[in-house]
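Down below are the structures I want you to see.
Both complexes shown next keep chain A, but they swap its partner, so chain B is in the first and chain C is in the second.
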Partner chain A sequence: MSVHIGDWLDERIGWRNVWEAIFLRKIPKVNWFYTLGSATLFVAVLQGITGILLTIYYVPTPDHAYDSVVFITTQVPGGWFIRGVHHWGASAMVILAVLHMVRVIMSGSYKYPREVTWFTGVGLLLAVMGFGFTGYLLPWDQKAYWATIVGTRIAGVAPLIGDPILRIMRGGEELSAVTLARFFGAHIWVLPATLLLFLGFHMYLVIRLGISAVPRKEE
Partner chain B sequence: MEEKDQLGRRNFLAIAIGAIGAVIGVVIAIPAVAYVVGPALKRKTSEDWVRLGPTSKVELGTPTLFKTTIERQTGWIVTEEELSIYILTEDGRDYIALSNICTHLGCRVRWITDQGQYFCPCHNAAFDKIGLVVSGPPPRPLDRYETKVEDDQLYILLGG
Partner chain C sequence: MNEKERQEYLEQYKKEKEKGVPFFPDIIFKDAVVSLVIFIALVALAYFVGAPLEPRADPADTNYTPRPEWYFLFLFQLLKYFPGSLEVIGVFIIPSVAVILLLALPLIDRSPKRYFLRRPMILGATILSVIGVLFLTIQSSREIPLPPELVGGDQTAVLYTENCAPCHGPSITVPVGVNLHEIIAQSRHEGMPAWSGDLTSDEIDALAGFIISPAGSQLFTDNCSECHQVAELVASDPVALKKSIQLGMEFAPHAEVEIPDWNKSISQEDQTKLLNFLVAPDGQRLFATNCAPCHGQSVAFAGGEEQVLDTISQGGLHLEMPPWREMLSENELDLLARYVTDPGSVPEGEETFQANCANCHGSRIPSSEDVEAARQIIAEGGAHDTMPVWGDVLTPEQLDALVTFTIAAAEGTSVEIGQELYSQSCVSCHGEFGEGGPNPSRAGDIIFPISTAEYLKTRDDFTIRAIIAQGQPNYGMSPFGSAFGGPLDDEEIDAVVAYIRSWEANPPVELPPEVVIDVEQNVVLDTKQIYDQLCSQCHGLNGEGGIGPAFENLQFQATRTDTQLYNAINIGHDATSMIGWGDVLSADQIQQMIQIIRRFRPSPVSGQPTTAAVSFSSDVMPIFQAECVACHGNFGGWDASSYTSVLGTGDHAPMIIPGDPENSFLAQKMIGTQSIGEIMPPAGLLPEDEIQVILDWIEAGALDN
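Up next, the complex of A and B:
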């Protein structure tokens, strides 16, 4: 029966080719370090799911942000779990992405013909950093507030463009409701869109070029 | 032989990956569903006697409007809500407390003295003095609250 439906669909949408290209593609004999990219992707999907769920209750305004987060963790069934996964997943994202990058450096996988894959990877890493930075403010507690004061000030010390950058990030002179709203907007719209764009390109290249083999000793 | 072994291994891995994926999916899906529907399942459990005012304010034989504000916790926000309750007594001993919320779709009903009826402007419903439907779409009489009198003060039971 399921074979039947599979055939029916395949005839119309050709999913088997896609499936083969993604999951049954040939790969060289590699080690576990070569799974770090997939691990990052897995956590990214988790972050997407839990993040979407969090927006059901979270409200990005100074008078509600903190209370809505407390509500999620203490009142909503499973809320502590959803938020917990998102919270720890954020750290895992950064760690996994960096480890993945280290692996790519160590195995020289960034070399011809995979330079563009590397570039898109850099874009992805920046997006992940952006997620971490903007997401940190959203609970709107003391830690979040001061971390963002410091974080935006760090950007502010850049020569010449520092001050405009700081103002653009904060949406004005001070850290305010405007800052919270724009960090939220960046966190749930701008960055996910960016991430998807780079991720799509990244994955396309991984599939098109295949992954690199483990370099041999004598090279 | 070799080929067969390969296929066995391949199938085993496919099943193992599928199983692990299913477990992860369930571990996420169950809390996610609870998370989304949770607040909808929550019922108010607390009951409270709310004081409306002195019984001397109630006119014999005509519904008298009492207003009171109650605090309501919705999500993380505490709001003050104004409640309007019509109190009717024929003898000054037994009280009927009627909610002014139309049982059709929730508009506010008003007591019209000339007609001796409650009137709902939304879909032209009429209720009689004790809240029974006279005409219009409402499916049941106006809701009643339990009442009690203590030290000549009138109380109604909210929630529960």
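Up next, the complex of A and C:
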């Protein structure tokens, strides 16, 4: 029966080619360090799912943000757990992305022909930092507020462009409802879109070029 | 990598791939295992630790210590190593360069070598970066301030740890002469709160001292804190502080206390540190404490740094005055001496002063306490001690700070030009201190004060500039800008704005607006209230003095007649910052004010004025003689006729427990709280003040004095 459905679908969408190209392709034998990339991807997906769940109850205004987070934590069934996973996932994301990068440097995988994969990887790392930065204003608690004051001010120190950047980030001179809306927008629309774009390209290149082999001593 | 190497690599990779494994299931399996482990870890963290949530954001809470998420801590820490104008390096240049280098890695390292040991440069750089980031992160989390109890007895260190360390780390480096008090009080940059709301001025002074000389704070704690609070000594008179350390027990206030010889126990270097802490080398504060009483807000001056340093450190010796007795008659000398002592009493002296003295002394008349001394100085001339020899008093750091500030203040000429222009064009309507008053161009209208903090805070420079340039025709103010037909060009208006703005940092002698307006409307204010609001700013709430002389000083009281006081209040004293109040206070109010001034007496050190003053023989005994002895002394029981019998006799002896009036039977009998017998005397309570005298006497220890 399942074979039947498989054939029926394959005839129409050609999934077997994709399956063969992605999953049945042969790959050099690698060690456990080479799992860090897919681990990062896994956490990214997890962050996406928990994040989407959180937006169901979260309200991005200074009046309600804190209360809605309290509501998620205390009232919504399993809300505290989803928020916990999302919170720790953020740290895991940063750690895994950095470890993955160190692995790539150590194995020289950024070299020919994978230079572009590396560029997109750096883009992904910056996006992850962006997620981290925009994410912690959202609960609108003391840490969120003051750390963002300090964080945005740091950005404002850059010569020439500093002041405009500061204003764009804050949506004005001061930290306000506009800032929260902007950070929320960046966190759930702009950054995920950027991430998907880079991620898609990154994955395409990884599959196209194949994962790099563990270099031999004389290599 | 050349073409050949590329081909070699591709072929090699092809071989590896053929020897390899299929992505599914081999690799997927490994990935799944790792992902599962991570998932379990996250679930465990979420379940057992949870996501923290701090109290709701409170923009008004200046005590909160902002700390970023851990993965930004290294960046946060990096900033601490680049203070002030270097900030841009830590914030922008280093991170930008790092990101660019990271991005360009494949373009930088283009060799065909892949094994990590064959790429020592990349390996080294990576390890260094990782260690660097780890180090900064750890360093930052270690610098989370210590809880106050760990810091020990150093109160200022606690203050610093609680308020400054969270952002600034364990210490702050500041350049010489920086206006630290003002920076702390008013905040310099965004994110830093203005502390004047949360900390007292003394605390801010202490913090400034601590930042510049933390060791001094520790020395204070070790040597002085047993007797002194920081607040009591900080930013006080450096002359007295220096003396107190150098003279030890010979310093008058220390005469009665057992103190070590600090010249031996505290090294010269440490003494400097201690003085630097107590009187922070903060030019603006030093100037305000030491120079402003004579020099006002700044010294007009055009020499170099060396010259200022010489002048300040050598003090009055720079003034070489001719012996005037060779040039002036005896009468003229007398006149001048009386004029400088009390300009109001001999208005005709002004002419002589202008002719002979104003060239050097300017309009500021050297103030003198008594006519004889003044006469002698004028007659003999020479290098008299007009200015203290600050070089003996201040530490090198303090001198440097003072020099830097003096020069900076002198350069702030726009303020001075502005002041000049203000006094020409604005004073007639807005008053010398921007206090306003009746509107000369519209009867019955009041011009509101423009020097209040509120006014200045709510108008930006642009607004004030526009008001000056275009005037306020609706309120009878004509345009002053040359573009609108007025006398001032743009630069001059800027200078006036700068002067007006300077009131914010340096409030003019403030006439509270309500007083001015009330007086206009003939509302009679309680004179004491006027004293507390106005006079006390310079003379102290208890007449203890400050910028102005101390009224509690008995010598002051003895050497001033009521007439002199009346004149001083009415027309002011040109030699000092005392202004004339005749326009504000009525003659009656001035008379009442003199009565208030006459009432000030030195407050004893204990702070309990009446208690200390009570004497047994002259205060207590007469009461006993008059009220008690008739019975108690002739009819047995308690005997009130002598000190020993007062304490030693009585059916319920002791009648008096020294120091404890509440439980002394005598006191209970007098005020009616006794448990046995009748109230004494049987006729009823003694007059309240007599009871008080006896209570105070018991309180003070029931001494035989």
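What we mean here is this: the second predicted complex is superposed on the first by the 219 of 219 C-alpha atoms of A that agree within 3 Å, B and C clash if a C-alpha of one lies under 4 Å from a C-alpha of the other, contacts with A are read in each partner's own complex, and residues count from 1 in each chain.
Methods note: a contact is a pair of C-beta atoms (placed from the backbone, for glycine too) under 8 Å apart; a residue touches a chain by one contact, two chains touch by 3 or more.
These numbers were taken from a predicted model, which means no experiment stands behind them.
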{"item": "Partner chain(s) touched by A:76 [first = chain B, second = chain C, both, neither]", "value": "first"}
{"item": "Partner chain in contact with A:159 - chain B first, chain C second, else both or neither", "value": "second"}
{"item": "Touched partner set for A:126, first chain B, second chain C, both or neither", "value": "second"}
{"item": "Residue contacts with chain A in the superposition, chain B compared against chain C", "value": "C"}
{"item": "Which of chain B and chain C A:210 touches, first, second, both or neither", "value": "second"}
{"item": "First, second, both or neither for A:28, with chain B first and chain C second", "value": "second"}
{"item": "Partner chain in contact with A:115 - chain B first, chain C second, else both or neither", "value": "second"}
{"item": "Footprint overlap on chain A, comparing chain B with chain C", "value": "46, 70, 81, 85"}
{"item": "Residues of chain A defined as touching chain C within the complex", "value": "22-30, 32, 34-36, 38-39, 42-43, 46, 62, 66, 69-70, 73, 80-81, 83-92, 94, 96, 102, 105-108, 110-115, 118-119, 122, 126, 129, 132-133, 136, 139-147, 149-151, 153-155, 157-159, 162, 175, 210-213, 215-219"}
{"item": "Contact set on chain A toward chain B in their complex", "value": "46, 49-50, 53, 56-57, 64, 67-68, 70-71, 75-79, 81-82, 85"}
{"item": "In the complex with chain A, residue positions of chain B that touch it", "value": "28, 30-32, 34-36, 38-39, 75-77"}
{"item": "Residue ranges of chain C in contact with chain A within the complex", "value": "1, 6, 9-10, 12-13, 16-24, 26-28, 30-31, 33-35, 38-39, 41-43, 45-47, 49-59, 61, 64-72, 75-76, 79, 87-88, 91-92, 99, 102-103, 105-107, 109-110, 112-119, 122-123, 126, 130, 167, 189-191"}
